[in-house]
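What follows is subunit A paired twice: with subunit B in the first complex and subunit C in the second.
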Partner chain A sequence: MNTKINRIVLSLGVLVVLLIGYGCKPKGPATVTTGDAASKVYVAPGQYDEFYNIVSGGFNGQMAIYGIPSGRLFKILPVFSVFPESGYGYSEETKPMLNTSHGFVPWDDLHHIALSTTKGEHDGRWAFGNGNNTPRVARVDLTTFRTAEILEIPNSGGNHSSPFITENTEYLVAGTRFSVPMGENRDVPISSYKENFKGSISFIKVNPETGRMNIEFQLRTPGFNYDLSRAGKGPSHGWFFFSCYNTEQAYTLLEQNASRNDKDFIMAVNWKKAEEYLAQGKGKKEKAKYAHNVYDEKTHMATSTMLDEVTVLDVMEFPDIVYFIPCPKSPHGCDVDPSGEYIVGSGKLAALMPVFSFSKFQTAIQQKDYEGDFSGIPVIRYEAALHGEVKKPGLGPLHTEFDANGNAYTSFFVSSEIVKWNVKTLEILDRVPTYYSIGHLSVPGGPTAKPHGKYVIAYNKITKDRYLPTGPELTQSAQLYSIEGDKMQLLLDFPTTGEPHYAEAIPASLIRDKSVKIYPIEHNEHPYAAKGEKMARVERKGKEVHVYMTAIRSHLTPDNIEGIRVGDEVYFHVTNLEQDWDVPHGFAIKGATNAEILIMPGETQTLKWEPKEVGVIPFYCTDFCSALHQEMSGYARVSPANSNTPIKFSTGDTGGQK
Partner chain B sequence: MKNLMTVLVAAAMLAACAPDKPQVAETGGSKKSAVEEVIDPTKGIGQVKNVTLHNPLDGERVQRGLDIYEMKCSACHRLTDERVVGPGFKDVTKRRKPEWIMNMITNVDVMLDEDPVAQELLELCLMRMPNQNVSIGDARDILEFMRKNDGEQ
Partner chain C sequence: MKYLLIIPLMLLLACGQQQTDSTTEATGAPLGGGQSTVKDETSEPDVVRVAVGSADHTTLVTALKAASYVDALSNAGPFTVFAPTNAAFEKLPAGTVEGLLKPESKEALQNILEYHVYVGVINEEFVRDGMTFNQVNLDNVTLNKSDDGKMTVNGANVLGKVKASNGVVYVIDAVLLPPDKK
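Our next item is the complex of A and B:
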């Protein structure tokens, strides 16, 4: 009897443990999706995906392009990191793209994507990304899927709250994650943080025609950490919202010391007001050194310009530009709903999520409903700006995206789930587990005034057992959920490259038909282009040897080169004469200490080669181009440094053959 | 199993209804209409139906044709009868109708797939002539240059 009772108790105990386990932790990898998931993500051979998913690569410094709903990877798009596969950062033309005030920086940490918008909606023109480590913002042209421009951000200790975007792509922002000493006196004790450290928010103006970026002005702000941001839209257009943490102003062991305050801030910036002050000449010109790199599609070449000045407005002197709204416990996400009325703050350590009302916030400003100030900047009374709180939403809220039906989707890192809730009623509607520990999430059009909905994609931080193991380092795991019904439904796992942070998804129809297929050779203005084999040649200028080479299926011209000497700098300027889509040629030469180059149809790219020893050195096309691709090759003869072998070049000349 | 069948059936239906998109996109709308409309098979397949030639040659056209030839064609075609990657240009205007030449230049993918003469040449050269993105007007200039190359005045 006793044994039996014991057994029952034991069984119950096991059951309870199991239930607890079930409740707290997502199910393991054996979890299967429900019946029709496969058909919802199946894109038949030759068919196209409905959405492009433009995904940050995190520590690989790149973007990656996926199709949704299939999760197929289409392209890795190099932005802040060298990419030997295409020669980005290795070819003479692309090296200037990675120039900075610190010199050539071949890597960065790309966290956030911002797609260009018009009237708050995706327009499919550009994708912007931030370089978190050596502060930079990049613009990618969505007709070529190439990095077109990189702008360095001075007065920044790490460009994390960036490159969030206003509804007509007027501005991108770049807020410093770490406050640092700025101006003339920067050699100060770290312990003088409160006195000497400042924040800085750059407003980058985007030319509406060309997309060209310039730092229009910088706001000098109180010294703490600026984390994430969103622009207002609709009624709140003209404002920007930034999540701030470390209002404790800690400079060591932030894990503890920056987690003491019950509330940090959301900083609301009235950028139209800032524009007024600038128009009145209130901005101060300050010295600052930063690089501006632009790629020209006609010369197929990047140029890097070093700039030396920024215009600064110190918000402590113009307190009506900026207001603080208290927000619980180290807020991370700071997301504005499609209507522009609601601002969601996600305190990483908070047990609730406040939703602020833009109209109540405006009333609070009018009535000066403040609870104090911080460095002379008004702090709005929390309740005065509050629409309401989402109670017990989950653990560790990070980011929120929206659908077109008034619902919000928030990622929870600690409890590893996505929670769907209603923005107006604050009622929790559904929750699904993610595998494991979701960071960012993306709903197509989720940050815009007109979400496209249909899916939410989770970008998870931990992969563990989701895929076949590949040693200690695993691919990062993304997951696709349907949000078409009342209940979210897991459809697909797909692996991603680098470590995705934020991503955006956009209907393929907004991009697909604008895609560039070739560069017209008639428009090639590269100074070393050989527009036709007749122009192929080799020229010596002192130690430099310039090879004007052409590539077409399936030969390189010239393919016999003599007269190169040890110690020369040889530049292979390869022009691809093809004018058909998807016929790139590649070029590689034995012993080159950089990389290969890939040359698109109509383009010219240059590989530098410094031969170290005497011999006849083969070179070849690296991109399989035709039935006779293996024949697409040539020889360069390298003579001793003091030789007088004359420059000689040819293709198809067999006169010397015995 | 049932679900799998549904997927398979759905996939089969999709496959049956949906043409091979990338190919269709590449060859464009000219494919179908051209096949029906072109009566003279020696004129090739494409938008070019009738070309009227004039003498003397148009000198400006000849010069433009030469410039395009040097940029886009000379890597594979000599001006003699020597075949390198593709056949030499010499006497091409005597062997082929002007329409055939211009269709071959401007509609090469369809020509290589469907025109018997173009297919014979492909078998000979074993190298698909690339689409060099030449407009009809530019192809006419190249034709004028070819006539000059063949000794016309």
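Our next item is the complex of A and C:
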């Protein structure tokens, strides 16, 4: 089978070479796969992929789960955005997940993924994601592939440098992209940026057992833009590194005004030092309003709690928490290699890439080898912290991932390529084009202490002619390259949903066997659960009508409901009585102004319905559950607002008719 | 209950494994096995696993395998299976079962087994005396229910009921024989 494909691909490859050789330019997009590319990405029907690829959805506010090497899409996982397909953000249980200090916010811009680690290595427990617009972080449980928790970030103008994590998932960070006025006096002229605008970096503690997040402390930092970050590891564990741009402190036309300096900064944060100050009680409590939303798998519902305080350390008062390392020029990526010794700054407007040495940086601190200060914070002398520069690597370096063999892979937006180079020798080893304008890239385990290697995946911003056109808006394109040989090899293009920014890939073996199949019905603690058809009922409480409904192949109980009146608020609390893997039921009713709900086996979910007209209204199961799915339906009778029709409900009651 | 089922489940899986061993790759995923070979030790057992787990239904299970209906009945269904016990099969004239299990009798065997299966869940609570149900083979069975709730199907006594993930199994004391085709 494989050899046959090899032969076909080989002969195709030969054909392409021949065509090029004869000077015939192939029409359409460039095709540069060669040799056995097809067999390397072919996952036979019924076979599993080797890696999960957990990909941010950017402006769709979701994550998407793909298989690598096949590029097959398995799941769209709603995080910060409502998802009518499952009822996320529409069901009464999930609405609180999207609550914020601004009220219900049904959308966000999810940029970065961070997978939990233990001792610097993937542990397959949680995936974290950031909300860039209304600053938030989310935790996804990798046993259910559901959003388990969302924490709003106060004192932030946009949560971009987030949610990068420390070696043992002690902390994840949330650095503000935009500096803003903070504290009591926020009504200030925009032109007072230098005096009044501040940065803020939140350190979010993660409970090692439950994964629960809380803002342990915030660092108040100088006012400029915080872009990306990475935690130290190994020898640099205890430190965090943030790329900063707009050290010019421009507040208008940043395109021009924030790119004037030849260097900006990488901000190095000694978070263990910050912990010491906190332990000494040096943190200041400040008022701040932010929402903390948690989904409970036993009650099958989310609760939103509004919190009102954060602990702040102003780095200007504690200058040994933070140091600046000069970095050319408007750095974007700030990536730490697997050994923890090297920190790669990707000055997106620079023609070279500096690689800093953690040990040299430590020596520079000891010797106070500073070139000055910024707002009282020491600025390390560039050369004192520098391991070396990658010269002329390409145009527009953005992000760097690593393999286990000392190599780095950097994406170049402007020159649309991935460049492989050696971290120690800084020698450029290989370069491959991407189609087109690559943003982030991902090597399985690439940000960890133990990369799994094998592939690098490019997430491109521009697709143009790579796929059949679909009007002005095109799918975003991912591309898979083998990095097993000395030279990178393009294997596959695959379309993605939303606009992927960062993604991580993790061996399937770390997640697959922990995947939840059903929710045990005996553990269902939903207050409106009907844990058996005998418990199905309809109750009126004033204007509210609560339907305790059950769903099992292939009927809903009750399926005849009377006594609902125009103007009522009807809550369909549907419990899926199935205890069988992959048998969800759905529920929808005509005229509902929200969505459907999908109910997993053993779960209860609630759809609110406000009937506006008199009539008999059908409802039905929306998920093709069984051979009698089309039969899985019922009727709700709606009487006039002033009627006396009594509440009545049944299933299978044919009034004695055979 | 769950533990009792593990052994037959393993047998089932082992059975599926034999077919796929030669083609299974390093990732260990299934390839080409039917729905009955899905590895799932968490879900409630389906009608097939209920039958496999019962010492009184070995003949029925043998027949289901001979008729190639193990995968079909592992489907989402839902099914109502009238499951004759081993003793029920023994009541048939000598040699009947052996004859049906022969490859050349497969269609006849399938017809008989189809006559024991209704697509849909029959809940005895809603059964009224004399109700008829059209079975998979398109012939009707008649359910009778006495005042004390005892149920029969075509005169065979219902001895017990086991709920399954994809339907319900009614254990009966006689094999249901479909009417002769006209």
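Before moving on, here are some points about what is shown:
The working rule: the second predicted complex is superposed on the first by the 625 of 658 C-alpha atoms of A that agree within 3 Å, B and C clash if a C-alpha of one lies under 4 Å from a C-alpha of the other, contacts with A are read in each partner's own complex, and residues count from 1 in each chain.
One rule holds in what follows: a residue touches a chain if its C-beta (ideal position, glycine included) is under 8 Å from a C-beta of that chain, and two chains touch if they have at least 3 such contacts.
These numbers were taken from a predicted model, which means no experiment stands behind them.
In the three-chain model built by superposing on subunit A, subunit B clashes with subunit C. Of the two partner chains, subunit B and subunit C are each touched by A:46.
After overlaying the two complexes on the shared chain, residue contacts for A:577 are found with subunit B alone; subunit C is out of touch. Touch counts on subunit A: comparing subunit C and subunit B, the chain ahead is B. Of the two partner chains placed around the shared chain by superposition, neither subunit B nor subunit C is touched by A:641.
Looking at the shared chain after the overlay, A:652 reaches both subunit B and subunit C.
In the superposition on chain A, A:627 contacts both subunit B and subunit C. In the superposition on chain A, A:522 contacts subunit B only, with no contact to subunit C. When the two complexes are overlaid on their common chain A, residue A:550 makes contact with subunit B while staying clear of subunit C.
Once chain A of one complex is fitted onto chain A of the other, the partner contacts of A:532 are limited to subunit B, with no touch recorded for subunit C.
Contacts of A:190 after superposition: neither subunit B nor subunit C is touched.
After superposition on chain A, the stretch of subunit B that runs into subunit C among 4-12, 40-48 or 58-66 is 40-48. Across the superposed pair, subunit B and subunit C both touch subunit A at residues 44-48, 518, 552-555, 578-581, 583, 626-628, 652.
The part of subunit C that touches subunit A in the complex is made up of residues 25, 27-32, 38, 40, 42-44, 46, 75-78, 119-121, 123, 125-126, 128, 130-131, 165-167. Chain contact summary for the complex, subunit B toward subunit A: residues 3, 6-7, 10-11, 14-15, 18, 20-22, 26, 70-72, 74-76, 84-85, 126-128, 130-134.
Interface of subunit A with subunit C (complex): residues 44-50, 508, 517-518, 552-555, 578-581, 583, 601, 625-628, 631, 652, 658.
Interface of subunit A with subunit B (complex): residues 35-36, 38-39, 42, 44-48, 518, 520-522, 531-535, 550, 552-555, 557, 577-581, 583, 626-628, 652.
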